[in-house]
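The structure appears right after this line, and notes come after that.
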Amino acid sequence: MKLDADLRFAVADLYASYAACIDDGRFEEWPELFTDDAWYRIVARENFDRDLPLSVVSLKGKPMMQDRVYGISSTIFHAPYYQRHIISTPALSMSDDAVVHAKTNYAVFRTKRDMDADIYNIGQYLDEIVSTEGGLKFRKKFCVYDNDIIPNSLIYPV
Amino acid sequence: MKLDADLRFAVADLYASYAACIDDGRFEEWPELFTDDAWYRIVARENFDRDLPLSVVSLKGKPMMQDRVYGISSTIFHAPYYQRHIISTPALSMSDDAVVHAKTNYAVFRTKRDMDADIYNIGQYLDEIVSTEGGLKFRKKFCVYDNDIIPNSLIYPV
Amino acid sequence: MKLDADLRFAVADLYASYAACIDDGRFEEWPELFTDDAWYRIVARENFDRDLPLSVVSLKGKPMMQDRVYGISSTIFHAPYYQRHIISTPALSMSDDAVVHAKTNYAVFRTKRDMDADIYNIGQYLDEIVSTEGGLKFRKKFCVYDNDIIPNSLIYPV
């Protein structure tokens, strides 16, 4: 695997699929964008920069992700809201073991019923992407957000 | 026509031209980004998801678009405002009839004179793009927005 | 130099590096993204459209940029804040003298400690990019912002 045009387009497609999956509310498809042993983590920049382990969400492996999705759709009591992701063009590099390291800024806007849209979560994705039989997947996805005050609570993946 | 690098870049250029045209306020050039029989529609996500026909704006064919532009510049009484589009990388697919189906998130920020910028319209473009003698054009452009409360009114295209 | 896929990717990488440099707070590396005689300017759209010279920031040459960075880190008294850039795909063209002219919308979000994120600066970059021995660099970077009211003051580059 080389960091050529095809790979760059495939990575762009992965991010577009990621955003569409969450923004469409198809949460049950969300774990399929990860490898089986992937690590998904949402962590405040303040903690991340100091190498502190505390995260808002930390899911290791697809079963934990599926459990979270089950929680979202079946057990967590919350007012529904729309999310909308804007993702910048990622900075890409590739390590010797054929892992794509992607770093990209994101903004998630939230709209609650009958209210204005607001800025929900702002930060950067620090991701590791690998090629699998099912196409590119995230092996690691860290969402490092700037706004350490989370409006209400964080229910859906960002 | 194949969904290769050249086509992807041409689509990216089309979106950049689209944003620049509106954000620069060159509204009279805006209909030129569409085919003669194109359908431009701005519709709330709530209605779109339920397949309801009600739209904030629905323009079928270039003459209706030109009429709208005439309205903007000559007949609608409104306080002027700036728009600024941020458009994510689109997810693209191609159907057998050589139509490019593009789906991409967008955020439109608005600035009124002597006021802070605010989030004006957030949503996704669901577009069909075709190749014409004058280059790529939109044959269909649906702007499906999340924030069903529109701040003031919607004068310019989004 | 031709406006081909390689150049487009290199430009995308330059913008990703630019955003990462500022958003990570690595300001001392920021002047290295410019040529020695580059012109960096932050100007309100209202002034820019009228061809008025007044700018919020206007730095000609790398020494002025380095001086600004020294000011940021050592002399300007200010409350620290995070910045986060979302940059749209640029519209590119190339002039006969091998200068890439790039025009792209940007949104900068700001987060102050223990506060919500807000829209800090919205506008477009009007840039000239040249190839140097050290890779692509900005020869000119104009940040033309829509929101003529700047929240608090503008300390860091946008």
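To keep things simple, chains are lettered A, B and C as they appear, and every chain counts its residues starting from 1.
One rule holds in what follows: a residue touches a chain if its C-beta (ideal position, glycine included) is under 8 Å from a C-beta of that chain, and two chains touch if they have at least 3 such contacts.
Note that this is a predicted model, so its numbers are computed, not measured.
Here subunit A and subunit C face each other with different sets of residues for the most part; under half of the interface numbers are shared between them.
One copy, subunit B, sits rotated relative to the other, subunit C; on C-alpha atoms the angle is 120 degrees to the nearest 5.
Note on chain placement: the centre of subunit A and the centre of subunit C lie 27 Å apart, centres being C-alpha means.
Counting partners per residue, subunit C has 5, 86, 89, 107, 119 as the residues that reach two or more other chains.
Against subunit A, the residues of subunit C that register as touching in their complex are 5, 9, 12-13, 15-17, 19-20, 23, 82, 84-87, 89, 107, 109, 111, 113-119. Every residue of subunit C that touches subunit B in the complex is listed here, in rising order: 5, 8, 45, 86, 88-92, 103-107, 119, 122-124, 146-149, 151.
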